[in-house]
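Structures given as structure tokens follow.
Two complexes come next, and they have one chain in common, chain A, joined by chain B in the first and chain C in the second.
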Partner chain A sequence: MSELIRLESIVKRFDDTVVLNGIDLSVAENEFVTLLGPSGCGKTTTLRIIGGFEKPDEGRVFFDGKDITDMPANQRHINTVFQNYALFPHMNVGENIAFSMRVRNKPEQYIKDKIKYALKLVNLDGFENRRIDQLSGGQQQRIAMARAIVNEPRVLLLDEPLGALDLKLRQEMQYELVRLKKELGITFLYITHDQEEALTMSDKVVVMNEGYIQQEGTPEQIYDEPVNAFVADFIGDSNILDGQMIAERVVRIDGVDYPCIDGTEQGFPPGRPVDVVIRPEDIDIMPYGQGQFNGTIISKLFIGVHYEMLVQSENGEIEWLLQNYDQHDVGEKIGMKVDPENIQIMHKPKSEAESARELDL
Partner chain B sequence: MIAKKRFATPFIFWIIAGTVIPLISIAYYGFTSREGGFTFSNIMAMFQHDHLQALGLSLLLAFISTVICLALAFPMAMVLRESKYGKQGFLIFVIILPMWMNFLLRTMAWQVLLERQGVINSLFAAIGLPRQEMMNTPGAIVLGMVYDFLPFMILPIYNTVSKIDNHLIEASYDLGASKFKTYTKVIIPLAVPGIVSGITMVFIPALTTFVISNMLGGGKINLIGNIIEQEFTVNSNWYLGSGLSLVMMVFIIASMLLLQKFDKTGGQNLI
Partner chain C sequence: MKKIFGRIYILIIMLFLYLPILTLIVLSFNEAKSMSVWTGFSLRWYQELFHSKIMMGAIANTFSIAILAALIATIVGTMAVLGMAAMKQRTENVLMAFNNIPMLNADIVTGIALMLFFLMIHWPRGYMTILFSHATFCIPYVILSVKPRMNKNTDRLFEAALDLGASEKYAFRKIVLPELKPGIMSGFLLSFTMSVDDFIITYFTRGAGINTISTLIYSEVKIGIRPSLFALSTIIFVVALVVLITVNLRQSRADRAV
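On to the complex of A and B.
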């Protein structure tokens, strides 16, 4: 897959706040890339810079090998589906979809055919003459998609397009978006703060926080091997624990030693303090006394498919989050076990002083 | 609901005393002859040559003033929209500031500026230019109208353009529209409600004014407002004055209906 968009050390400041702190990103042709992060992490600003609505203070934007940093939005082969859809309220559905073709003076017959094609693609045949305020949120979202794709862009930027929809519709639209992307065969750059959306749809997920890219990878990589506590915490539920390597491939958490698969080769020599992530579904429940550690269940919630339990460990202060298909009662004493490959060892985030020292070197 | 209606009672009295009764009495005088009988002659008097001429000139000057106001106000409203929030408040304050001064005083100030011995002519004389006859010309009246009514054009237009979602403008650029097409296809159509109320608030007072034409036209230029005023004050002919007023009302209602046609977004109708 050839590279379509490349960001090179993008820096963006609003007044004195640094919003983007040297973003490097590469998006390949026909890829579904999701920028994921909490609000204020800089994901929308990144998208706006690619769309041409903001100019970066430093760094360059490349599109298909050409530098487009200074190219105005209306000349880029990029279209955007805005968060609030931004449909023109004074035009009907057909006129909205026709907008990009009319400003390019395309022939009326061509426009008519294209509107039909686009409406069919988003499953809204025959909606040409509806007024925008007659549409539901989900329909408006589809029209915004239709309007953005008739222009045949090579990249579609989607700024939290499902954010305003209810849960059921949101899940339907996720399938719909993946289908659309396959049919159109174009690149999608998607923005969301919803980790589930990011994991289900994307080829590549880019986790952002505070103007930095935290981690980049396939959904599986991001979920299974988070590089730091922020990513682990943001993607799915997890137990994030303080630990220390006490021997080669052995980590001590809460007074108990667990074998794990990371050692000196991965940068975790004995003696080093580390962060440890254990996913709640990876903790196996055993009869009391037969596991690696014991605890008492202090709360239980039924979450549809599974039960979610909080377990107070016998060794110390830690409350473990567990997910299990079997039911156990509050107050029950249980044993627990974690397989070595399910223990994810991560570097402790550096304190500011430490990062500064590293920069000086 | 019933309790709320009770609070509207004072307003209903106000409407009756301030609008309904005067309208009925103007209609009564308008269709009554000096001798007391029913007549259409007060209405038909509009078609006398000098009345028609005054009406034509009024329509022309009001139209020109409205166009000038619109041409000045729209860019101003856009500037206000784009400016930062703190600055916005200050700019609006500056625009409204002249309205704090008495309307007559403001118009009189232009007399002082435009007179043959006035400020502008003194400046001309000082740099060796010939003195200009600026007072008592249609141009002076248009200037006065524009000066007095411009805020009434800026504020409603600013009010609508400031509410246009910035994403709509970005969407227009995103879809490939140039700046010009973004204005003609998105911004201006969305500003129509403001433009319509701005035009109404400038055109109607400009059409019926007699103060501006009195003060800057020196009584030499008669607008229809002056003629109606003179019928009431100088000639004490309330019957003819009312008849002409009724015809003016028809013109005003007609122009408002015409304007509403452009306001497709509808919602708040003016009539």
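On to the complex of A and C.
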């Protein structure tokens, strides 16, 4: 896959606050890339820079190998589905979809055919003459998609397009979006703060926080091998624990030694303090005394498919979060075990002094 | 019992509001010049009105000034709103505070201030000074009615239009202007009625030989008011009534169509 969009050390400040702190990003042709992060992490600003609505203070934006940093939005081969759709309220559905073609003085017959095609694509045949305020949220979302794609952009930017929809509709639209992307064969750059959306739809997930990219990778990599506590915490439920490497491929957590698969080669030599992530579904429940450690169940919640339990460890202060299909009662004493490949070792976040020292080098 | 009381209450209010106007309308058709004795139906005061050069001149002045002043105020006010939208929030707030002061200011102060200003710059008072003054005091109202339409949503629609390939000019004409239109229309109508209504500011900024309806009536009061003015007032009232009814009818029909 060839590279379509490249951001090179993008820095953006609003007044005195730094919103983007040197963003490097590469999006390949035909890829579904999701920028994921909490509000204020800089994901929307990144999208607006690619769309041409903001100018970066430093860094360059490349599109298909050409520098488009200074190109105005209306000349970029990029279209956007905006967060609140931004449909033109004084125009009907057909006129909204026709807008980009009327701008380019396309013949009326061509426009008519295109509107038909676009409406069919988003499953809203025959909606040409509806007024915008007659549409439901989900329908508005589809019209916004139709309007953005008739121009045949090479990249579609989607700014939290499902944020205003209810849960059921959101899940339906996720399938719809993946189908649309396949049919159109174009690149999608998607923004969301919803980790589930990011994991289900994307080829690549880019986790952002406080103007930095924290981690980039496939949904599986992001979920199974988070590089730091922020990513682990943001993606799914997890136990994030303090630990220390005490021997080659052995980590001590809460007074118990666990074999793991990371060692000096991965940058975790014996003696180093680390953060450890253990997903709640990766902790196996055993009869009392037969696991690696013991605890008492202090609370239990039924969440549809599985039970979620909090377990107070016998060794120390730690409360473990467990997910299990089997039912156990509150107050029950259990043993627990974690397989070495399910123990994800991460570097401790650097203190400011450490990062400063590293920059000097 | 409660119902009857309510009806009587509303009737009294209606009488208070409309009885004076009704009296005026009836007297405009009175044959005699008397303001108290009914002598018979006649249209002579309407005839006198349409033949009086002074009155017709005042009517022409009133409405031409109102239309021109409203036009100028609408254009200047709308441009001001567009300019303010591009400013920082703090500057914008300060400007809006300045915008609100003239509306709270007493008309008489505004009138005298404008008169002194014209005297100082030696601008002979007449039609143009009235027009200038009216446009001036209407601008804040236009800004106030257009401003709420120019919001975050309008910005977003503008960006969406650019995103779809429109030039800034095209996006402004096709997207922003239609969004602002209701505000612009109500700003224009507000300015028009305020200008027609105004007496005090007109009184201070007009020159010797020029009158609008309000200043004409005022000067006639001193020498004895003529029933042809009742005729004029009746016509203005009926025109306003007809306009109001048609607008409301169209509105309710449009609402039903939804």
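Convention: the second predicted complex is superposed on the first by the 361 of 361 C-alpha atoms of A that agree within 3 Å, B and C clash if a C-alpha of one lies under 4 Å from a C-alpha of the other, contacts with A are read in each partner's own complex, and residues count from 1 in each chain.
Here, a residue touches a chain if its C-beta (ideal position, glycine included) is under 8 Å from a C-beta of that chain, and two chains touch if they have at least 3 such contacts.
This structure is a prediction, so every number in the text was calculated from the model and none was measured.
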Clash-or-fit label for the pair chain B, chain C on chain A: clash
Chain B versus chain C as contact partner of A:F88, first or second or both or neither: both
Which of chain B and chain C A:Y175 touches, first, second, both or neither: neither
First, second, both or neither for A:F14, with chain B first and chain C second: neither
First, second, both or neither for A:Y117, with chain B first and chain C second: neither
Chain B versus chain C as contact partner of A:N151, first or second or both or neither: both
Doubly contacted chain A residues - partners chain C and chain B: 51-53, 72-75, 78-80, 82, 84, 86-90, 99-100, 103-104, 147-148, 151
Parts of chain A lying in touch with chain B, wherever the complex brings them together: 51-53, 72-75, 78-80, 82-84, 86-90, 99-100, 102-104, 147-148, 151
Contact footprint of chain C on chain A as seen in their complex: 51-53, 72-75, 78-80, 82, 84, 86-90, 99-100, 103-104, 147-148, 151
Chain C to chain A touching residues, read off their complex: 153, 156-157, 159-168, 170, 174-175, 178-179
Contacting residues of chain B [partner chain A, same complex]: 165, 167-168, 170-178, 181, 185-186, 189-190, 264-265
